[in-house]
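Structure in structure tokens, see below.
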Amino acid sequence: MKEGKEEIELIKEGKRLDGRGFDELRPIKIEVGVLKRADGSCYFELGDNKVIAAVYGPREMHPRHAQDAKMAVVKFRYNMAPFSVDDRKRPGPDRRSVEISKVSREALDPVIMREYYPKTAIDVYVEILQSDAGTRTAGINAASIALADAGIPMKDLVSSVAVGKIDGEIVLDLNAIEDNHGEADMPVAMVARTNTITLLQMDGRLEREEFERGLKLAMGACHQIYELQRAALIDRYSESVDVGEGEA
Amino acid sequence: MKEGKEEIELIKEGKRLDGRGFDELRPIKIEVGVLKRADGSCYFELGDNKVIAAVYGPREMHPRHAQDAKMAVVKFRYNMAPFSVDDRKRPGPDRRSVEISKVSREALDPVIMREYYPKTAIDVYVEILQSDAGTRTAGINAASIALADAGIPMKDLVSSVAVGKIDGEIVLDLNAIEDNHGEADMPVAMVARTNTITLLQMDGRLEREEFERGLKLAMGACHQIYELQRAALIDRYSESVDVGEGEA
Amino acid sequence: MKEGKEEIELIKEGKRLDGRGFDELRPIKIEVGVLKRADGSCYFELGDNKVIAAVYGPREMHPRHAQDAKMAVVKFRYNMAPFSVDDRKRPGPDRRSVEISKVSREALDPVIMREYYPKTAIDVYVEILQSDAGTRTAGINAASIALADAGIPMKDLVSSVAVGKIDGEIVLDLNAIEDNHGEADMPVAMVARTNTITLLQMDGRLEREEFERGLKLAMGACHQIYELQRAALIDRYSESVDVGEGEA
Amino acid sequence: MGLEIVDDIRKDYVRDLIESGKRVDGRGFREYREINVEKDVIKRAEGSARVRIGNTDVLVGVKLEPGAPFPDAPGEGVIITNAEFVPLASPEFESGPPDENSVQLARVVDRGIRGSEAIDLAKLCIEEGEKVWMVFIDIHILDNDGNLVDAAALGAIASLLNIRIPNERYGLTGEDTLPMRDTPVAVTTVEIEGNILVDPDFNEENAAASRLTVISNADGTLSGMQKSGSGGLKEEEIAEMVEIGIEKGGEIREKFL
Amino acid sequence: MGLEIVDDIRKDYVRDLIESGKRVDGRGFREYREINVEKDVIKRAEGSARVRIGNTDVLVGVKLEPGAPFPDAPGEGVIITNAEFVPLASPEFESGPPDENSVQLARVVDRGIRGSEAIDLAKLCIEEGEKVWMVFIDIHILDNDGNLVDAAALGAIASLLNIRIPNERYGLTGEDTLPMRDTPVAVTTVEIEGNILVDPDFNEENAAASRLTVISNADGTLSGMQKSGSGGLKEEEIAEMVEIGIEKGGEIREKFL
Amino acid sequence: MGLEIVDDIRKDYVRDLIESGKRVDGRGFREYREINVEKDVIKRAEGSARVRIGNTDVLVGVKLEPGAPFPDAPGEGVIITNAEFVPLASPEFESGPPDENSVQLARVVDRGIRGSEAIDLAKLCIEEGEKVWMVFIDIHILDNDGNLVDAAALGAIASLLNIRIPNERYGLTGEDTLPMRDTPVAVTTVEIEGNILVDPDFNEENAAASRLTVISNADGTLSGMQKSGSGGLKEEEIAEMVEIGIEKGGEIREKFL
């Protein structure tokens, strides 16, 4: 979406540069319970994105004056490893990660039974180990599974994916080159069972009709991801789940 | 007061560059109660200075170990908006604003009946929206009115103005060009009714006799400002008070 | 130990550049109780190193959740004055001082009867006023005396010195030029009475045999320093103790 | 704790009224509070605007300074948007570095301007690869009675529409004005008890579980969107919010820009 | 308080077992947990390795970027080692700037590499006095079950052994690989009740008063050492720890590097 | 709480004594404690001085390094004054970034030197617009028994009077000394129960409501003034304080500079 960058043809003969169709997800790989110290954890690959989520809690909330007497406080920390991107990222939070942490937390809040654990904290940590656009959606998918793995009572899982516009077309799940040279990007998170949208951001420029079409595309893909998330949880303690036609 | 800067003639035919006499204030405009959320507030213009002050409290003091068991703690935060000066100011406190906040608080402390509200905090916030030299004096004048507007019991108002030396003359209320090319600057705050000085700083170089003359000039002008402050408070809930021959 | 630096001959005719033999300490000067506000203090010179240590406590531990119910918490802050080194050091902690503070605290912990003062803090502050390599060892020596001066119950004093390798030889107590152009540096701290090592770091490259020889050399010198520390404490309230053939 | 109870009572009151079809201040669900835009209020800024929406009061100042371009866009100016939630504006705001709410506000306003390509960044190039104009958009909140984002976004675009490029001040030559290519307007709605309300005030924001900001352009396209709050939204609620966003955005653009 | 008691009971249990010659997980005193090294796991990094020692899991990524040399070494590249103890990895870790433990970890790993002169820094010079390669070694802890330093040091040297110099990315020419001159390996032992144990797990680290990390090279020389913990060590204990360090270091080097 | 009561008792004791015309340590109201100035105490600094006033102990070091001038004064050196209230010096001091008291101290000392134009900044220009000497005046408090500002200001001017410009160290040529044009001296008085006392010790500072620092020059002119504390002062009290400032400043200058 950046102006002034060289133009790149992102769609050739009806296919995207990585060979995907317009409504096709990148390969997804899920492993549940990958960390020992965390109460719940999940490793999630989405194409070249590699993210890991851990959940701690419910546990004592510090500082005490930040406790909520009626429900657990969910804290969410999205963090990129310095080596996860082409130009080394300086360690520590920046404005982008502060915003992503906020909207990701708000994407998960609606399904967590926070009222079961007043005065406590539920800490959700997402580490981006390798990035290729779509890290926040991968992080929300991973975090949702890690919450379940930690035994936190939830109404349902949250599933997330982005749609975007490249070379004038609305397509699913942008990778980095598409994100850098495309016209719009729109991450969405959804509670699949009720079709409730819990994250919605849009960046770039879209016609109203394109927006509506994109939202429907994302909602459909969230249903696909939801099935993979469920399958991975069912397989917990056995082995990892490989999905998609890629080499992931 | 800066060495090595080009010399500028600041006085021509007995008048200052903006047409003022040596003992003349810039135009002053005062509006009381301009903010809804604050407990008390005041907008204050002094020539091209535009400042706004808000008061919150007495309210609970955090952190608790900073409470004073015998009286309210007054906190004062002087802050410049990034766009208030020619070269954009980076947001956040710098050493200058830390010092101004300290001396401004100490200028107001003597009149606030702090012993009425032990263990509480009274927060005074001054925002400089547009700066033209004299912002700390304008801020103290505004804060003093905002404290009264918030209903904080006070012995009296505090009034403040600077004097300085330009082209060898002691003059009242320097503006930015006078401050940058002058020889000395001396902000003063005073409780008018008792002629008690509560702020006194001096920067630059002055003969002892000049200092004494300057102090008297400032004290006289504080009386003028005091009358305007009182008038603005009396008119509270009606309309704003315009003063001075400028276009302010 | 830095690669790529010009080679300098550090040993000439069996003597080091400052005339010392291989197993010779720099001149040491100790003054006890040099500060009024601190509960205990010590000024320590080791060649051109000038350091001062102060101890406060046992006193209330803040924040409360960091208290240890069974023993005092020792805090150690190693800090270099901006003017203590050739290139001005920016004020505030850096990674080097954070590490030195940690290992110095752990060098002293074993001798402090921490269980006598549960829930309290014992603060040890070391300021490096002038630096010439070996500041951490000088700081530990000073801190150990300051703790005794503060009346903190201790099993024994801790004594500290570095050994290193220059021009292929294992030598005692490197100065700055030796440290910059040498091959290895190894600071050691020890409880002299029991020959217990409480600090051991090594930097550079050493044969195993050289390491063992160096450790023995350091341990011997710690005994020498221990005697000076004891003498200085015995002379407390009288005058300072000058040692060594230097001009210190 | 006492304060929490008051807060709950206030939320319940807002919600009960809305269920009966009313808002506390008597407005219709699709009605803004009174909007007031004062332009060029700060002499020291190259552009500025003070926007009041009801009691919400936001001052935006834009400064231009020469600086180095980003390596991957050597011929383009740089936009830096920053929001300060100074504690003067609200008892909820605290001194200190920007928290997540002020970061979000600044980033949403920033994305609206970038997404619409309102500024032709190439026109802000002074010397390719070396020196470009840095456009600092500073959002200074004075009074927070809710819906800061619409006020801030309006203040930002109103400020940008009248930029004076300070060539002289930096010994440069060039055009003194900056032609703008679009006028993005943000419109925020909330969902409370199944109802969609535009321009929430402070109490309505607190009572709402979800909020959606929709940024739209002169031609009706969208150039930014942000859901916030710990609730969810249905597809048809989003559709209504987008519709309101485009409609109200058009009205505001016509009246104030 | 409750947690402290649990902690004490756990320490006592570990100590009692060790006094009777056993470790909680059944290992011998001079036995490592299972070590697993995966190389080149991060595409975006110029070198990377994920090292697992038992449940301890550490990811090291190395990035190279051009930068200015230090004034006192104008012809040499710069190594910058950093460790993040992200709160994901352990309930003991907290968000925020590096604490003393992560600073120590990074500095010990860094000194091991420098001390051994494993990297020929002169080969990282691009233009003397102007531009050299900055080698960022970032240690990212994923799961902390003790002995982070051995895992981190092994991850660092394993990453460095397969560096691809990103000349093309920065429009430079030159060799694409970095010949390494040595392979420092860190081996950590603890002293518990008079016994020396290698590769302490999390509970053993807590139960131990003193810990010693010994970094040794291919030729058996030492290139780094760090005692930590609030206890003391006898000369003969140190001698044993150094012996174990060199022996185990050799085994690890042979198997994984 | 217990400590607060002790503090109150100590203040009352100081005040009662003063009302009866005495100071705790027996000094006269216009009498300084013993002053001791040691010059050139730090080898690594280009100038330094340790000043003791009674038990108050302040070390000032001045370092010179080449740096870029400010754009609005391209031909002048830059003075940067910094004060560290290290926690070693006083139980009241805490680790961390400078608080308002250390900031005020540094700024008052700095203004005294600037106001008197003691340093000819033009002589610190190395290459106009490119490179000038940065003069770092670092004030390091060792023991705080009150009246830090007089000690710090005296330490600063004493250090500056014997600066060795480190041309050689930076491969530059030029004069090695810095001729000074004036010798500003700070004299601090407090008002306690209507009495004016010079050189307050720690307990007197606490007992006083108002404090005034007066900085005066060799010719009797004033080059800085700062009132602090939560009390007020009458015009005639200020006049007395200024008189004392000039008189005592002259005595100190003659004896120590």
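We just call them A, B, C, D, E and F in the order they show up, numbering each chain from 1.
The rule is simple: a contact is a pair of C-beta atoms (placed from the backbone, for glycine too) under 8 Å apart; a residue touches a chain by one contact, two chains touch by 3 or more.
Source: prediction; values computed, not measured.
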Interchain contact steps from subunit E to subunit F (minimum; 1 if touching): 2
Any chain in contact with subunit B as well as subunit E: none
Comparison of C-E and A-E (more C-beta pairs in contact): C-E
Farthest-lying chain, centroid of Cα atoms versus that of subunit F: A
Distance-maximising chain from subunit B - centres being C-alpha averages: E
Whole-Å separation of chain centres (CA-atom averages), subunit B against subunit D: 31
Centre-to-centre distance between subunit F and subunit B (centres being mean Cα positions), rounded to whole Å: 26
Computed distance of Cα centres, subunit F from subunit A, in Å: 57
Chain centre separation in whole Å, for subunit E relative to subunit D (CA means): 48
Contacts with 2+ other chains: residues of subunit A: none
Two or more partner chains touched - positions in subunit E: 98
Graph class of chain-chain contacts, one of line, ring, star, complete, other: ring
Order around the closed ring of chains, commencing at subunit C, then subunit F: C, F, B, D, A, E
Contacting residues of subunit D [partner subunit A, same complex]: 1, 4, 72-73, 75-76, 98, 100-101, 103-104, 106-107, 111, 114-117, 121-122, 209, 212, 217, 220-235, 238-239, 242, 246
Residues of subunit B that touch subunit F when the two form their complex: 1-5, 69, 95-96, 98-99, 101-103, 105-106, 109-110, 184, 186, 191, 194-208, 211-212, 215-216, 219
For the subunit D and subunit B complex, residues of the former touching the latter: 42-45, 48, 55, 57, 59, 61-63, 65, 82, 84, 86-91, 95, 97-98, 136, 138, 140, 142-145, 169, 202
For the subunit B and subunit D complex, residues of the former touching the latter: 35-38, 48, 50, 52-54, 56, 59, 77, 79, 81-88, 91-92, 123, 125-127, 129-131
